Amino acid sequence: MSAGGLAVLAVLVLFALGSLAGAGGDPDAIVGPRLQPPGPGWWLGTDNLGRSVLPRVMEGVGTTLLLSSIAVLLTAVLSAAFGILAGYRGGYLNELVMRLVEVLYSFPAIVLAILVAAVLGPGQTAALASIVLVTIPLMTRLVRGAAVAVSQRDYVTSAVISGARLPRVLVRHVLPNVAGTIAVQGTYALSVGIAVEGGLSFLGFGVQPPQASLGVLIQQGGTYMIAAPWLILGPGVVLVAAILAINVVGDGLRDRLEPRETRSLT
Amino acid sequence: MILELDDVTVTFAAGPPFRRIHLDAMRRVSLQVAEGETLGLVGESGSGKTTTSRVALGLQRPTSGTVRFDGRPFPKRRRELAGRMQAVLQHPHWSLNPRMRVGQSVAEPLDVLGRTERNAVTEMLEHVGLGADFADRYPHELSGGQRQRVSIARALVTRPGFIVFDEAVSALDVSVQVQILNLIKDLQAEYGFSALFISHDLGAVRYVADRIAVMRGGEVVETADTRTFYTAPAHEYSKQLLEAL
Amino acid sequence: MSLLSVRNLVIDYARTRALDGADLEVAQGETVGLVGESGSGKSTLGSAVGRLLPRAARRTEGEVTVAGEPVFDLPDARLRHLRRKHLGFVFQDPIGSLDPTMRVGDQLKLVLGRGGDVRFHLGRVRLDDPRVLRAYPHQLSGGMAQRVAIAMAMATSPELLVADEPTAALDSQVREEVSNVIFSLAAEAGTSILWLSHDLPAVARRCDRVAVMYGGRVVESGPAREVLGNPAHPYTAALAGSAPAAAAHGVRLEPVPGRPPVLTGASPGCAFAPRCAFAEERCEHERPAPVRIREQDVLCHRAADLQDELTKHEEVSA
Amino acid sequence: MRLLMWWSGRALSSAATLLGVSVLIFAAVRLMPGGFAETVLGPFATAGQKAELAARYGLDQPVFMQYGHWLGAVAGGDFGVSMISRQPVGAELLARLPVTAELTVLAVAASVLLGVPLGVLTAVRARPDGGGAAGRLLSGLGVSVPEFVLGSLVVFVFSRYALGLEVGTWTPLTQDPAANLATMILPAAVLSVFSISVTARTTRDAVMGVLVEPYVTAAVGRGESPWFIVRHHILRNAATPVVTLIGTTTAYLLGGALIVEHVFNLPGVGSYIVQAVGRRDYAVVQAGVLLAAGVFIVMNVLIDLLVGVIDPRLGVMAGRRS
Amino acid sequence: ATGTTTTPTAAAQETAAPGYLAVADEALAKGGALNLQVHIDSGAATGYDPQLADVATTWQLLSLSYETLVTVGPDFSVQPLLAEKWDTPDDRTYVFHLRKGVTFSNGRAMTADDVVGSLKRLLASKGVWAGQLGPVEEVVKDGDDQVKVTLKEPYTPFLASLANVPAAILPMKEIDDKSVDPATTLLGTGPYVVDNHRQDVSWTFKRNEKYWNQGKPAADTLNITIAPEEAARIAALQNGSAALATLGNVDSGTMLAGAKDVKVVTQATTDFYYLMLNSLKPGSKLADPKVRQAINIALDTKQIAEVALGGKGKPTAVTPAGLPGSCDPAALPSAAKSVDEAKQLLAEAGAQNLSFTLTIFNTEPAPAVAQVIQQNLQQAGITVKIEQMDEASWSGKVYGKAPAEFDAALSWFAGYADPGMVTKWWNPETAGFNVGFMKPDPELNKLIDTANKLTGDREKALADVCAKADADAQMIPLVTRPATVAYRGDQLSPSLYATEGYGNVLRLVADARVKKSQ
């Protein structure tokens, strides 16, 4: 199943790269009459400005994937830094980090995203920051939990006894052993990121026009569901496929990193 | 004396604030380990053995009492002791970093000291009965006994004067236990380190220790020569322990 | 007819073969110790008796019958009936085998049904402290928890009790008490015991018969005293000679050299051959068939030749 | 006594969290570009008018003072006055809370009633070779369809074809409970799809974890039936992570409710906050977020208590030996 | 919900008269509840005070309870309302004869004092509308039922400006004795009174039992739901829970095509989009008139109307297209010029690689308009970066500071009911809100004043204004902003003008007949 997920993701990445290479045409150019169903010249139809939907979906995939990947990477780095330090050191530092995480956690995700977008002004930076802030609490918590467990392992104690300094212990011993948690959680965060980007765009706080993102396309397509269903079909399917694929890959990753036994009740 | 614990008490506070329970994990414990000597430490679960070892390793500061290593109190900075004391800990499964190759694990104490003697690592692996080709393996490719051998190699690679074995063989199979115990004995004969050997298995302790200390409820209730202890235990509790053997 | 009969049982996990044609008989009222190195397949065999294996396990060959019923071929409902009526299990982790979210008394009640006398059953395992009833498992000591588990396993007076290292996680002093409880209770009820253990001296002391496992097979079985005192299989001899507790002061023990095998399929010959001091050519590629040496059933090509050789090794103190 | 200590500890840390939230939200609101004055007075307002308005709401004072005043008032139960409607924010929040609460409660109920059985079923059926893929794919799909996509779809389908349930209207619960339910079912369903899936997943993981516990093996060994084991041993032991999840999902659901309220045009707290952000109605944004955070925190305290009841090892009253 | 159900007669089909999109069928019985949905509530710090209201949506809601001296007809002709008739003894004097029997909804009869007080209060207020009334010299009572207004100089849009809600007649007695605060209470002479209002949720209006116009309003109750999300309004129309809704999307007609009983009509308005070019930003190329002209030339308002507004809007000059006497956008100087000339101008100004940011708010169709602008200007080699923000941030950025920080911005003006009214906003000294980005052009200001003073034929004068503003190009008019209204033919027989000047879809709601209601 996770091979299927990877395949889907690979196709999406190809899509995005194709858009960068100009395949499919200029996503912003007005190429034909408005709201045309799929046909030659516009293989996925045209939108309400007479633009071809195909290059827009391709651009949208790229924007959304890139945005969420960068955001999740940031989340991973920050969560790793804070989670590991808090988990290993404990004490006041831990208290402080956990309290901050709790504060962020207490904000409903999309409200947090809206506030960030309102403060920073809509656009990629805001979407990026929103995704980071929304995904960071859970990730930090889990990394911290894993770091606490790892800190009590004998090999960490051995390293300390050998006289290893803090950075060495954290980088050589704790980090590699919480990396699995980070990776698995990262895939889930990625799907959350995509959803947050979509939600923000839906509420009008997303990327700037004319740039397309999946969220923007779906938001626009949604209003034309009756008149031009092809507007939402393409991006909708791609968005769901992307999140699903990422989740499936995440599940696969977890099964691989933390294989579990099963037992029947009979 | 390589290690002297003098009247050491360790008190833990547990539970929520305002309603802390204070618990003496060690109460007025005095112990000495002489150069080249192996001191066995036995006692039931929760009697304070691990706490004692942590105090001996300088990982736990005593609430009261003094600890001297090599005649001096513990330095403020751990690094000054780097390479001079080591430990082999209980759980073979977690004794090695699963993300590091065996060779890297064994080399770590050297790295910390800034030394890079690659052949010291392979030499040490040979010494503990593992071929040099083990250096490239990951811990999950090893059996429990092999992992404990790697831990021992890591502990010995800097030729420390003092090693703590905290339940180092308890998790192993009897037949593997004997391999490891033999190995410890052989290496000690060769390198002459002192050791604190902790176990709740009196059989294992008898096999390697020169002297034995018995702990109960945080206190040392008896210290004696191994032979004396097993033939004529003085304390009532020691007698009980020996009966169960 | 024996109560439990395991014949040529082969159990495979995804990548390992845990049992490689194990044979075992337990007669009514008999106590049998099952010993062997870690990974030799003791737990797998013990679980197979009640078909309690994890999903990953597959029976490839062989058969287990309990009171004449083929355990692996029974429909679910019949299997449950068999477990209820004939079998009892005690496991290694005492606190883990009790439901952590339920008070001990409630758990017992659940097992005993409405009419059950909880106090009586606790009394049988020498736990008559009423506080135990109200306690949660994590509030008990290991020894107490194990006694509760025993009470639950013995509540239905099973004909066969499978005890998988029930004392391994306990302090040495408590071990004795718990073992006493199990054996005296079983003796009272006429229950047979299959006792899985590492602890050779304890097995020697308590069990009627011993079965020694190696590489997923029972390589030697027979009366406890005979098997451990006069081993007929080189592995049994090596095992018996390597318990540290058995060593007199200053005597150097000789461990079994090498590593235990991890099988991925049927072993071509004797699984112990690579570590065996007496191995000869055919041991490598010919699976030994059972032979009878004195009172023991042994899986060794050279069992007959080695009789004298092995008895020279020291005896296990009982 | 121990309970009291626990409570005071929790109260303290909850208060700290809320304080943190209040600082953050206050700062965020002040950092938003686009003045409140421009927004509400429109482009035609003079500088004098703007200043007058700022003075009316104390916006001309230093930010620390504003924060202090606000915090003091909030502590006294006064959430201030909406700068748009000039009505007390507290009353309006209270009036809107039932909508959001109803949505969330319905969604949580759906998660428990559907997600838990689904999770138990897929766990009990799970095979080591990755079997039960269909169930996993299904729950994967659930987390993959964002509310706004599903919501738009539902609004479209149900408004286009007379399917018995109305969208685009709302009836207060107090006015006509049956009609209210009819208008809330669809939004709640849209909101709950994600949490049902997540609950199913978590339940599945938790149950699979419990399935291999020795006490389950012991129960199987005693010849208990699967249903009996599920009922007596598995549900309760697997409940902790599921209950905890529901606590953390609340924050998510509150956020999701915002989008659902928007799509279905329900007068809940979520849409209130969104509109207020759009108009820089500071008092409303501050109070709304604080309320959401407060609900979340209280919810999690309750969850902790509940977890303690479910699993005595984790409870407040968990002592050592009795 | 309750409601009267009437059997539609054969004559029940709305036959739209000239100037109307729909005319209510008077044969239908009166009474019943009318469910409406609009996309935004009134919402201003100034509350309900009509004199301070400056947004069309607020005017629309307040117009249900307040009335003005005069009103506008379907063809923008000024018609009597609270004034039965008026005389204009000279071109600076207006004498209004007040209608008899008019009472406020509290039962008190309206007096000439109320009228005088209201107009004086408006003139003294800081509201935007004070300026639209023109150069009023004095307002006096002329007997008990006449009011005389004298202007300093002739001002043609005067009557039209009295026809909008800010000029409503307020209960001045109650306001003066402070028993009523118009910011929090609606108390007017109009057909409806407020029963309930929940900000951003709903309004409920009940018929004003004391309404002077016997037989009106037709519907007993108006339930107005605020539904910001278009899909929700469309849904409500389809399932019949709303009988009438305003729609924002220009393609709503297509989307509701095939929906049973739903009629979609597009009401033309005089409102129009315009592009602001900030000529005051230090160092900005847009300070150069040549650059602004080049932009103006490169803009293809036809394409904007066709693509961004789906053909529902019309290109316009400063005088809103559709108003009698407005100028022809095709005749503007910039319309005749080609993209090459624009490039030429840019080259002359040394701005070949011109690039600027266009700041817009995120309410549709502004983003669509902006994207077509971007494509237009790309033809002339101009790069436009679109910066989209919520309306609050947008206002902050556009109006928050002087000089303003944006490069270019997009917005729309209400076009009102007289072609001269909105031209006043091209004079930043009068308008005020655009001083931050607009340099006053004395010549243009003079042309504007002249045009508004002319009482006779003003087309030439207005054309001059249009041409001058076109060349100045600090604010470039683009296209008119259509309003889409949809209603349920089976539930409602409404009256709707074909063109609206004050963005008031509910202008004729008192005539609407309810067929049945849910």
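Letters are used for the chains, namely A, B, C, D and E, taken in the order the chains are written, and counting of residues starts over at 1 for each.
As a convention for this text, a contact is a pair of C-beta atoms (placed from the backbone, for glycine too) under 8 Å apart; a residue touches a chain by one contact, two chains touch by 3 or more.
For clarity, every value in this text was computed on a predicted model and none was experimentally measured.
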{"item": "Which of D-E and B-C has more C-beta contact pairs", "value": "D-E"}
{"item": "Farthest-lying chain, centroid of Cα atoms versus that of chain B", "value": "E"}
{"item": "Relative to chain A, chain with the most remote C-alpha centre", "value": "C"}
{"item": "Separation of chain B from chain E, taking each centre as the mean of its C-alpha atoms, in whole Å", "value": "87"}
{"item": "Distance from chain D to chain A - Cα centre to Cα centre, in angstrom", "value": "21"}
{"item": "Whole-Å separation of chain centres (CA-atom averages), chain C against chain D", "value": "52"}
{"item": "Between chain A and chain E, centroid-to-centroid distance (C-alpha), Å", "value": "44"}
{"item": "For chain B, residues that touch 2 or more chains besides their own", "value": "none"}
{"item": "Chain A residues counted as touching two or more neighbouring chains", "value": "118, 121, 222, 225-226, 261-264, 266"}
{"item": "Touching two or more other chains - residues of chain C", "value": "54-56, 79-80"}
{"item": "Of chain A, residues touching chain E in the complex", "value": "28-30, 34-35, 48-50, 118, 121-123, 204-205, 208-210, 222-227"}
{"item": "Contact set on chain B toward chain A in their complex", "value": "57, 59, 78-79, 81-83, 85-87, 89-91, 94-100, 105, 108-109, 112-113, 151, 154-155, 158"}
{"item": "Touching residues (chain side chain C, partner chain A) in the complex", "value": "54-56, 76, 79-80"}
{"item": "Residues of chain A touching chain C in the complex", "value": "261-264, 266"}
{"item": "In the complex with chain E, residue positions of chain D that touch it", "value": "32-46, 48-49, 53, 82-87, 92, 95, 152, 155-156, 158-160, 162, 166-169, 262-265, 267, 271-272, 275, 277-280"}
